[in-house]
Amino acid sequence: MDGALIDLQHISKVFPPATVALSDVSVAFRFGEIHALVGENGAGKTTLMKVLYGLERRDRGDILLRGEHVDFRNPREAIAAGIGMVHQEILLIPEYTVWQNIVLGAEPVRGLCTLDTRTARERVARKIEEFQFNLDPDAPVSGISVAARQKVEILKLLYRDVSVLILDEPTAVLAPQEIGQLFSELEHLRDRGHTILFISHRLDEVLGLSDQVTVMRKGKVVATSPASALTKEELARQMVGRSVVFAAERSPAEPGEPVFVAQGLTVMGADGRETLDHVSFEVRSGEIVGVAGVEGNGQFELVNAIMGLSPVTAGSLSVQGFDLTHADILARRRYISFVPQDRGKMGASLPASILENAIMTHHILDRSFRRWGGLGLNYMRASALTSQIQTQFDVSMENGAAPFESLSGGNQQKVILGRELLLEAPLVLMDQPTRGLDVGSTEYVHRLLIDLRNQKKAVLLVSADLDEVFTVADRIIVMSRGQLVADLRTDETSREEVGYYMLGGKDASHAQADA
Amino acid sequence: MNVFYGLYSAMLVGATPILLAAIGGAFTYYAGIFNIAMEGMMLVGAFCAVLGSFFLHSWMLGIVSAIAGALVMAGIFVLFAVRLHTDEFLTGIALNLFAVGLTTFLLRDIFHVKGAFTDPGIVAVPSITLPLLGKIPVLGRLVSGYNAIIYVALLVTIASAFVVFRTSFGLRLRAAGYNAACLNSSGVQTPGIRVWSLVLCAVCCGLAGAYLSLGSVRLFAENMSAGRGWISLAAVILVSGNPWGISIISLLFGFFDGLTVFLQGSAIPTQFTAMIPYVATLVSLYFYSVQKRKTS
Amino acid sequence: MRKQTLSGILGVLAALMIGGLVLALQGFNPFSTYGALLQYSLFSASGLSAMLSRAVPLVLTGLSASIAFGSGLNNLGQPGQLVIGALSATLVGLFVPLPPLVLIPMCIAASMAGGLLWSGLAAVLRRAFAMDEFIVTLMLNFIADYFTLWAITYPLFDPTALSPMTRPVSTHAWLSEVAGINASVLYMVAATVLCWLLMSKGVSGYEWRMMGQNRLFARIGGCRVDAHYVRVMLVTGALAGLAGGLMVMGGPHRFVKGLGANYAWDGVMIAVVANNSIPGTFFYGLLFSMLQQGAIGMELVTAVPSEFIDVLQAIIVLVVVAGRVSLNLVFDHIATRKKLRESLQ
C-alpha cells in the first residue's frame, strides 16, 4: 500500500492453549491520520495493537514501519521507534506524582544515577504547556480525575516523542463533555503530524472523529474504509456480520407483587463517605429493572450490599418480605440467583472442573447433593445437575471433569447462568452478564432474561451498556454518585434522558427539554 | 554502666544480620517479589564465608565468597521464579531446603564434620577502632570498636535508602512492585528490574551470612541462620520495606536477642529467653495488624 | 491428573540424573550409590520396615500441609504442631496408668489435641486480630521448639539420661509391630485414606478446595469460609500433632531432644511437590522416606555422606515444581501451533 506508515501483514495470534485472537489480519495505517479500529468485545482489536506495541508476540505475520521490517520484542523498542500506547485500563502508579509517572522509564539523571528531579519537573511542565494539558506536575496521581489520568498517559507518550499514538477505548471512562475535549486534543495532535490509532466500539464517536475506519470481527479484518463513506447502520452491520435489530421483540410487562424492596439502602466506604446513599426502589415479579449509570457510581456497592459482601450501614432490603439486610450470604442465596460480572473473580473457580463449578450453592441448599449422613458429596447427583445444565442451557462441552477454564467465555457464562437459574430463586440479580461475550451469546442471555420475566421472576440487571438496558429492561433506574437519581419506564424515556441523569442531572423538566 | 554497654553491643550483634537480610528483602519487596529465600541465602552465605576464609586465609575473600554463594542462590531463584515462572513462594521454600541440605552436605563432604565446624584457620572479620571518635569517652565506646560488618551494615542501610528513593533505578524498582504492567508499558523490562533486586538482595544476605559465621563467632554450624531470615521477612512486611523502619525494627529485635544472651546467667531457663525474639515478632505483628485493621 | 503424574515421574527422574551428575563430579559412582540407596530401603526386610516407619511423620505432616495449602491457608506450622503433639502424647503416656486398649487411643487423641491446640492458637490470632498465619505459624514453630526443649530439660527430664529427654512412656502406650511393620504405619495409612475421603468425596473437602482456588467464589456460593478457615487450621494441626504422637509411641517411646528437627520442613516440601494432592502426598512421602532411609545404607557402603539426600530432595522439589509449569507451557505451545494451523486453513 502506498504511503503506509505502518503496515501489518498477515498477523496471526493464538492465546494458549487454543483461543484464536487474530487470524491472518492485514491492515495499513497512513501517516497523519486518525484511524479507528472498531469491533465487538473479543474481536481482536486490543490484541492487534498489543502485537504492534511489542506487548504480545505474534505467531505469524510481518510488521512494516515506513516500509522496513520491524519486530518489537517489548514496548521499549516500540517507543524507540516512535510508537506509544495508552491502555484501556489506565496504567499509572497512583502512589507517584504526575511528573514521576511521566518520566518513569526515561528519567533524566545526574551522577550516581541520581534522579534529576528539577530537570524532570521542568521538562514535564514544558510539555504540559506545549500541549496545553492543564495538569499539575506535582499532584499525586491518586488524587486526580480519570480524565486527567488519561491526559497523563498521553503526555507520557508525548514526553517520549512518539509520533504514533495508540489509544485503547479512551472514551469508555469519560463523560460526554470530557469526550469532546479529548477529541479536540486528538485532532490538534493529528494536525501537528501525529498518527492516531484509536480503538472503540461506539459507532457515533468513531464516525465523528476518525479519517479511516477498520472493522474487525472474530479475529479478522472485515473492511477498511474512509469514515466519510460509512453510515452508522453500515458500520453496525460490518461489526456484527448481519443487520442489527436495535429493538428486541418482547411483550409488554405484566408486573405482579413487589419481590425485591430496598429502602434507604446506605453503605459507607473506607474513607467514611457514603458510596451508596439512601437508595430505595423495588423490583416486581414479572419485570426486568435495569440499573444504568457510568461505572463507579455505586452499582458495584449496590450489588455487594444486596449479596451481603459489604455491610449495610442504614436502610433495609428484603426479598418476598424476608428481611435480608443483615442476613449472611447463605441465607440470601435461598432468595437470590446471582450472576456476577467477573467470571474468574467471583463467578467460578477457573482451575476447578465444570462439575465443581456447576454445583456450587446447590450442594448446600439441596439435600439430595449429600450422602453419608450429610458428610459426603453425592457425585451422581452432581453430574446429573451438570448434564441438566449442559442440555437445558446448550453448553458445548465434552464432560464435567474438564477444567472450567477450558470452556469458551460464552459457555462459561452459560454454566454460571444455568447454575444460578436452576436455584429457582425468586430474584435474579445479574451484574454485566454479557460483558466480554460475542453477539450470539449476548442475544442468548437477553432472550433468557426476557423468558425469566415471562416466568414471573423479578430480574435486576446492572449494566454499563445502555443499549443492553434499553433492549431488555422494562424499567430503568439510574445511579449517579451513589444515589438513585431516576426511576423511568423504558417505553416512556429515551437514551438522551437516561444519559442526562447518568451525568448527574437531577432536574426532570430540564431532562425532558434536552430530550 | 557495663551492663548498659554489654546490652548495647549485644543489641548491635543481634540486629546486624537481621538488618542486612531485611534490607536485601526490602529490595525484592519493592520489586514485587514474594521472596522468602533470605533464610537460605544467608545460610549459604555463612557457609561460603567460612569456606573462603579457611581456604584462602583472608576474611575479605571470605566475605567475597559469601556474597558469591548467595548470588548463586539468587541465580537459581531467577532461573526458576523469573525465567520458568515457578511460583515464588514454592521456589523460596525449595531454596531454603536446598540451602540447609547443601550446607550440611558440604560440611560433611569438605570439612568431614557433623553439626559445626570451627578451626583456628578461619580468619574472622576484624573489629574496627575509629581513629578520632574512638578516643572520646562514652561516645567512643558507643560508636567505635565494633565488627567491620556492623559498619558496612550501616552504610548499606543508608545506601539502600538512597537507591530506593533518590535514583532512577529506585523509581523503577518501586514501580515494578506497584504495577509491573505499567513499568513494562513505560519501556522498562520488569523482569530485568526484578533480577537486579534479587542480586542486591543476595549481596545483602551474603553479608548477613558472613557476619553470622565470621563476625560474631568464627564457626559454621548446621542451620545457623536459625530463622533470622524469617524474622527479617517479618520486619520487611511490618514496615512495607522502608529501610529506616527496618533499621528500627532490627535494633528492636537485636535488643531482645541481646537480652537473650544477657539473661542466660539468670534464673530464667535459657529456653524461655531464647523465645524472646520470636515472641517479639508476634507482638509487633499484633500491633501492625490491629493498626492496619483500624485504617482500612 | 495424568499430566501431573507424568510431570512428576519425569521430574523425579531428571532430579535423580542431576543428583547422579553431582555424585560423578565428586568422584563417586552414581550407579552403585543409587543401588545402595535402594538396597537399604526397598530391597531388604529391615530396610523396608524402617522406611515405612520413617514415612509416618513425613506423610502425616505432608497431608497437613497439602490440606492447608489446598484450602488456601499458609499453615507452615507443622514442625511446631508436631513437637507439641509429641509432648502431649508423652505426657499422657507417662502419667496415665491405664491398659493399652484405653491408653493408646488416649495418647493418639492427646497428640492430635496438642497439635490442634497449637494451630488453633494461630487460627485465633488470625480471626481475632487479623494476624497473618504465615508468619504466626512460623514463629510458633520456634516457640514450640524451645518450649518442648525446656519441658524435657527440666520438669520431665530423665535423671539417668545424658542429653535432654523424658523417661520412657508406659509400655501400655507402645505401638506393637504387626508382621514386622510398626502399627504407626497402619494409623498413617488410615489417616491418608480418611484425608482422601474428606478431600475428594466429602462436602467439606469440596468447599475447602473451592476456597483454596477462589475464596470469593466459595464465599459468594454460600460456603462459610471463616468457619472453614478455623476447621482447616484445626484439622491440619491435628494431623501434624498425630505425626508427633505416633513418632513417640512407635519409635523411641519417649520425647528425645531433636525429635522433630529432621522433619522440620519435609511436610511442606512433600505437599509442594505433590501439588496438594492426597495420593501424591502419600507417594512422595514414601519416596522421601525411601531416600532418607536408604541414605544411611548408602553412607555405609559408599563414601557418600548421607546429607547428600537433603540436597537431592531439594533438587527433586525444584525440578518437579518447575517441570510442572514448563510441561504445561510445552503442552500449551503444541496446542497453540495446532490451533494456528487450523485457523489458517
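We call the chains A, B and C, going by the order they appear; numbering starts again at 1 in every chain.
By our rule, a residue touches a chain if its C-beta (ideal position, glycine included) is under 8 Å from a C-beta of that chain, and two chains touch if they have at least 3 such contacts.
All values reported here derive from a predicted model rather than from experimental measurement.
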| item | value |
| --- | --- |
| Overall pattern in which the protein chains touch one another (line/ring/star/complete/other) | complete |
| Which of A-C and B-C has more C-beta pairs touching across its chains | B-C |
| Centre-of-Cα separation between subunit C and subunit A, whole angstrom | 45 |
| Computed distance of Cα centres, subunit C from subunit B, in Å | 29 |
| Numbers and ranges of subunit C residues touching at least 2 other chains | 329 |
| Interface residues, subunit A side, partner subunit C - complex | 12, 14-20, 23-24, 59-60, 219, 307, 309, 328-330, 333, 338, 340, 344-352, 356, 360-361, 363-365, 369-370, 374-377, 379 |
| Complex interface listing, subunit B residues touching subunit C | 76, 80, 84-87, 90-91, 93-98, 100-102, 104-105, 107-109, 227, 230, 233-234, 237, 269, 271-272, 274-275, 278-279, 281-282, 285-286, 289-290, 292-293 |
| Contact set on subunit C toward subunit B in their complex | 26, 125, 129-132, 135-136, 138-143, 146-147, 149-150, 153-154, 265, 268-269, 272, 305-315, 317-318, 321-322, 325-326, 329 |
| Subunit A partner contacts - residues on subunit B that touch it in the complex | 166-172, 174-175, 178-179, 181-189, 296 |
| Contact set on subunit A toward subunit B in their complex | 53, 55, 74-76, 79-80, 85, 87, 91-96, 100, 103-107, 109, 112-115, 156, 160, 270 |
